[in-house]
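The structures come next, written out as structure tokens.
Presented sequentially are two complexes of subunit A, the first with subunit B as partner and the second with subunit C.
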Partner chain A sequence: MSTATATAATPSSPRTPTKAAATDRAKAENRLGLKLVAPAVILMLVVTAWPMLRALYLSTFRYRLTTPDDREFQGISNYTTILTDRLFWQDTLNTVIIMVVTVAVELVIGFAFAMVMHRIVFARGAVRTSILIPYGIITVVSAFAWQFTFSINNGWVNSWFGWLPWIGPNTNWFGDHWPAMFAIMVSEIWKTTPFMSLLLLAGLSQVSEDMIEAAKVDGATWWQRLWKVILPNMRAAIMVAVLFRALDAFRIFDNIYVMTKGAQGTESSSFLTYRQVIEQFQLGMGSALSVLLFLTVLLIAYLITKFFRVDLAQARGEG
Partner chain B sequence: MNRARNALGTGVGFVLILVWCLLPVAWIISLSFKSADETSVGSPQFLPKNPTLQNYRDILDNPDFIDALRNSFGIALIATFLSVIFATLAAYAIARLDFRGKRAVLSLALAIAMFPVVSLVGPLFDMWRTFHLFNTWPGLIIPYMSFTLPLAIWTLSAFFREIPWEMEQAAQVDGATSWQAFRKVIVPLAAPGVFTAAILTFFFAWNEFVLAISLTSTTSSRTVPAQMSFFVGPDPFNPPYGQLATASVVVTVPIIIIVLLFQRKIVAGLTSGAVKG
Partner chain C sequence: MKHPPPEGPGHGNQGRRHRRGGLAAAAALVTVSGLLAACSANADSGKTTLTWYINPDTGGQAKVAENCSTGDYTITTQVLPQDASQQRIQLARRLAAEDPGIDIMSIDPPYTAEFANAGYLAPIPQELQDTLSKQSFDGATQAATWNDQLVVAPFWSNVQVLWYRKSFVEKAGIDMTQPVTWDQIIDAASENGGKVAVQANKYEGYVVWINALIAGAGGDIVSDTDKGIDASIDIDSEAGDKAAAIIQKLAHSSAAPSDLSVSNEGTAGSTFGSPAGAFLANWTYIWTNYAAQPDVMKDIGYARYPQSVEGEASHPPYGGIGVGVSAYSNHVDQSMQAIECITNPDNQGVNAELTGNMPASAAGYDDPKLHEIYPDDLLTLFQDSLNAATPRSVTPYWSDISGAIQSTWHPPGDVSSNTPADSAKFIDDVLHGRSLL
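After this line comes the complex of A and B, so read on.
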């Protein structure tokens, strides 16, 4: 990581002017830079910051699209309603469970895959191609594939894994909370592990081989080399992978929508928000949920960066 | 001894990766050849008993699916094209120029990459109805652009930093006009990066689901993932497995082709964008 940061952090700017001629050219460069980034920045703000502010405003109203004239200012009562509702906490708990479990499993599988991809000398292209297929596949398609895999009439899980004591030919995976959550998480893990493993592979390839070799000469076991040399040197890459995947997993929606539609208490925070707005037209309440969701994501991002103690901008070479 | 064990471990890992990644794909392909008769009575075996092409005939005759396919291609391609243009401008500035607010732009992009898309559904739904963008192509293209810009900007600025820009001046010293220098020297160097950003952007737009079901209401703008989720067939308790699997295979084909052709570029783009920055 450190080598890449060093090269990336020194952007070659052959045109950087000398002090004497600085002011005019620097000003022109500054103006050009702002002009070039303006379209992208405006577009990003129009679709995120502006609607988010509008959500903040709407969240203080009782506002149902079916009865728009009945709109009434309510202060924070939407928030108190939500925060005292059991369903909200149940859904938040589901989302957190899905996030923690999928990210933890993906970290392990993804690291194993990254190790294999790093070591492998033959068929590199074949491995990378096949690992990119789950990455590229539509999440809805992944959800259908796994729903049919776990299907009671048409799935192969029950017949292939019938030898396990808790699986029989009539195991209904979508009939109960935990099995349904399990199926959802399998689909999520299958689809997103490739992304994780590619990020980890990039981190792995930046760990110096000399260091590993030195540890080997000093008599470190494979396990010690992994925990004392390889992993600490990949901290930034691991953090980036965990951060991206955790926040992505926290948004889980597609898999749940296709596989259970929130039945058996498998609803996620995103699904709850969607249901309030699109199915029940509760724009006021839905906006309050949106704001809470946004704040939760900020909190998670903050906690993860604190936990890894890596400055994200620095990790990305933007010192 | 140790080396042999390592090689064995890598070999086993290789097989595991292939099985893990390809088994579900093989499963939907197999399912797409099972007839409706076979799936309605229950068909837990992996391979079809009597392979049939009927599902493919049905799905390609289904006007809703064809519409959705057209919408998906149109929306994804336009969003990709515009997003990459905007991102190229921004990334050029970030990689090459000194200006105030560079960090702010990157932080904004980072924040948007992690933004919970669902929290925009409500306000966007409301705004798009006011602006008559609800259930239109632009209504999806605009948000897709803003959500793909962060990834495109990172990937591109990482690529642009590696370009030896001095070559542009070198070409000019050798007598090339600035247009020639740009076209013959810089464009070929920048093209792979731009192309990679385009692939990643296309994947996002092709995959997006939340906005696609929330901001559309008819087949005139509904994309494939949205259309598939509404496609339950006549009997809600017995979904048309075969046809859904067939639709899945059809929309996965473009992905597989892109992956087969550009595997190297995609890996480079994903890792440079997220780790090296």
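After this line comes the complex of A and C, so read on.
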């Protein structure tokens, strides 16, 4: 590594001639680079930007797939309908609650798991694998598993936790808003905590052992080492983990679809969009909802990066 | 790009490896396309294949497809999702894309008008329409008609009856030979520790129940449906209030199963088969549902669907399947011949024998095997119920109306005297794009 740096540095010392040469080479390399990424960029534009623009265009129409002759330009009226609708705000609130609660719980449990995976000395592979198993399970499958778990007919939650005063054999978890939300969140947390812990593990392994050692020598307690040394040094990793999971959680769909189908007011923003576009074929209204969903996700990403005061380029090691 | 591993030391040359890779890829392509061609062509060359998209069943439609395949065409079946609304979604999306891969399809009655209105269904020749109208039950014809045209061929017709446990009604001392009302069975069940099992999850089945309750009280959910989104919404009426009162009464009584708000046909069947089972409003197939529980089987009694209002005849829920031909099929004429065969009374009988889904015509009930499986008085009850059945309103906007009802009437425990008025307003808002559904 050091040799490579040295050889690269040597020709740059006689400044003027080499700089011009380097620029030529850099230009050529840049051109080659552009050519190399061009196919990928074009593909991205076709599969990502085009549908996005199309959604934006469709969102200004009243357009239903089964009554195509009825299509009519509406301007921003779809947006005003949505933004003044109670259901939209209720679903957004649900989604935010699910996002905040699941990410917070996952961050704590995920960090504990990351510590275990980081520090464990025996059966390291087995422990790491078993922690990661839920993440390897398809969300729909895990949602069904948790639906059966909480089911009033054949679930084990009601029988195992029957000793709790508020749980009995006739507790219908999917019969009321909050119990149903609880079940959905448990399923989501179980499924994605391993992902969180994996990202945190990466951050944890980057914290220099020397610093921890130095803090130990200075007499810092375990708690102080955690809060003053480990966590501040993991800020970028924590931000990436929270950002990824928050965006994922905000788009929650599968668990709700399988467990309640949106009943008991458990609908999320994605589920509302799905119902407009796929079930009701309301391409106009559905596109408007997708656009709003996209903007919300952007906003969340912006707020999280601001909150953690981390430069993403720096987090990638480019700064 | 992957290359085949070199076979010997002489294969280090890049160019040759590339050529070999290209050759191998070309060979693979030829093989795959050959296989695909073999798959798409019918085994008997030159014979047309008609693809029939069916709702999942226990082999009835596949058998009918076999019976109706001729020297000119073979009918193959493709299975749609279990859930009726998912069946609608899959069919409608493919038809909107003008997919010629669908020739014939089994369509649930509430979505028939939507498909016909969107121009997805090929018009049925008048002669065939006449035959079908003549042979089918009134409810079946009504559900298959849009703009005065029969747009699908009624194939099987399902109807709900009131199933009860003989031991329970004996204990409760109710005379089941006389028509009973919802109030009576709810009271009898709560006083004697029994459960009244219905379908009240947030899904189409719940609206089926609500529709029957309203129809039984002499009302309807919507009328003047040919006006599209400006149809008259009648749910906020005396009949609507009666329906809400019945649901409210059941939901707050001890006769309500603990899973009431998530109950569907299957879970209601389980409740009925459990020791607390007393009454069950459910489809015809319940008769053959308890083969594994002989004690329950022996204990099952049946009666006409309960009345909403004492003294007024009930209008049981109607279900079933109509068979339509896609307007985008490349074989419309042959498909018409095929549906004529599929829906003839003999094949309706064959389907009923294999699936428990009853024929859409009185002639279909003549099938001798049906009389071996079902008692004669039960078959008579099914036919009488079908003639009195009220299908859900035939409108292209049924899925919106149904969704709006599900949103406002679910969970059943929250239904109150305000619910009919709330739902009428909400349906109107949804239809006019003022509210999200």
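Convention: the second predicted complex is superposed on the first by the 289 of 319 C-alpha atoms of A that agree within 3 Å, B and C clash if a C-alpha of one lies under 4 Å from a C-alpha of the other, contacts with A are read in each partner's own complex, and residues count from 1 in each chain.
Operating definition for what follows: contacts are C-beta pairs under 8 Å (C-beta built on N, C-alpha and C of every residue); 3 or more make two chains touch, one makes a residue touch a chain.
Keep in mind that what you see is a predicted model, and the values were worked out from it rather than measured.
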| item | value |
| --- | --- |
| First, second, both or neither for A:29, with subunit B first and subunit C second | first |
| Which of subunit B and subunit C A:66 touches, first, second, both or neither | second |
| First, second, both or neither for A:103, with subunit B first and subunit C second | neither |
| First (subunit B), second (subunit C), both or neither touched by A:153 | both |
| First, second, both or neither for A:278, with subunit B first and subunit C second | both |
| Partner chain in contact with A:181 - subunit B first, subunit C second, else both or neither | neither |
| Greater residue coverage of subunit A in the superposed arrangement, subunit B or subunit C | B |
| Shared subunit A contacts, counted only where both subunit B and subunit C touch the same residue | 65, 153, 276, 278 |
| Subunit A residues within the subunit B interface of the complex | 1, 4-5, 8, 11-16, 26, 29-34, 36-37, 39-41, 43-48, 51-52, 54-55, 58, 65, 109, 112-113, 115-117, 119-120, 123, 125-142, 144-146, 148-149, 151, 153-156, 158-159, 169, 190, 193-195, 198-199, 201-203, 236-237, 240-241, 243-244, 247-248, 250-251, 253-254, 257-258, 269-270, 273-274, 276-278, 283, 286-287, 289-291, 293-294, 297, 301, 312-313, 315-318 |
| List of subunit A residues in touch with subunit C within their complex | 62, 65-68, 81-82, 85, 87-88, 152-153, 170, 172, 174-176, 261-264, 272, 275-276, 278-281, 285 |
| Sites on subunit B touched by subunit A in the complex | 6, 10, 13-14, 16-18, 20-22, 24-25, 27-28, 31, 39, 41-46, 86-87, 89-90, 92-103, 105-110, 112-127, 142-143, 145-147, 149-150, 153-154, 158, 161, 164-166, 169, 203, 206-207, 209-210, 213-214, 224-225, 228-229, 241, 244-245, 248, 251-252, 255-256, 258-260, 263-264, 266-267, 270-272, 274-277 |
| Touching residues on subunit C, where the partner in the complex is subunit A | 85, 89, 92-93, 96, 114-115, 117-118, 201-203, 258-262, 267, 270, 396, 399-400, 403, 410-411, 413, 433-437 |
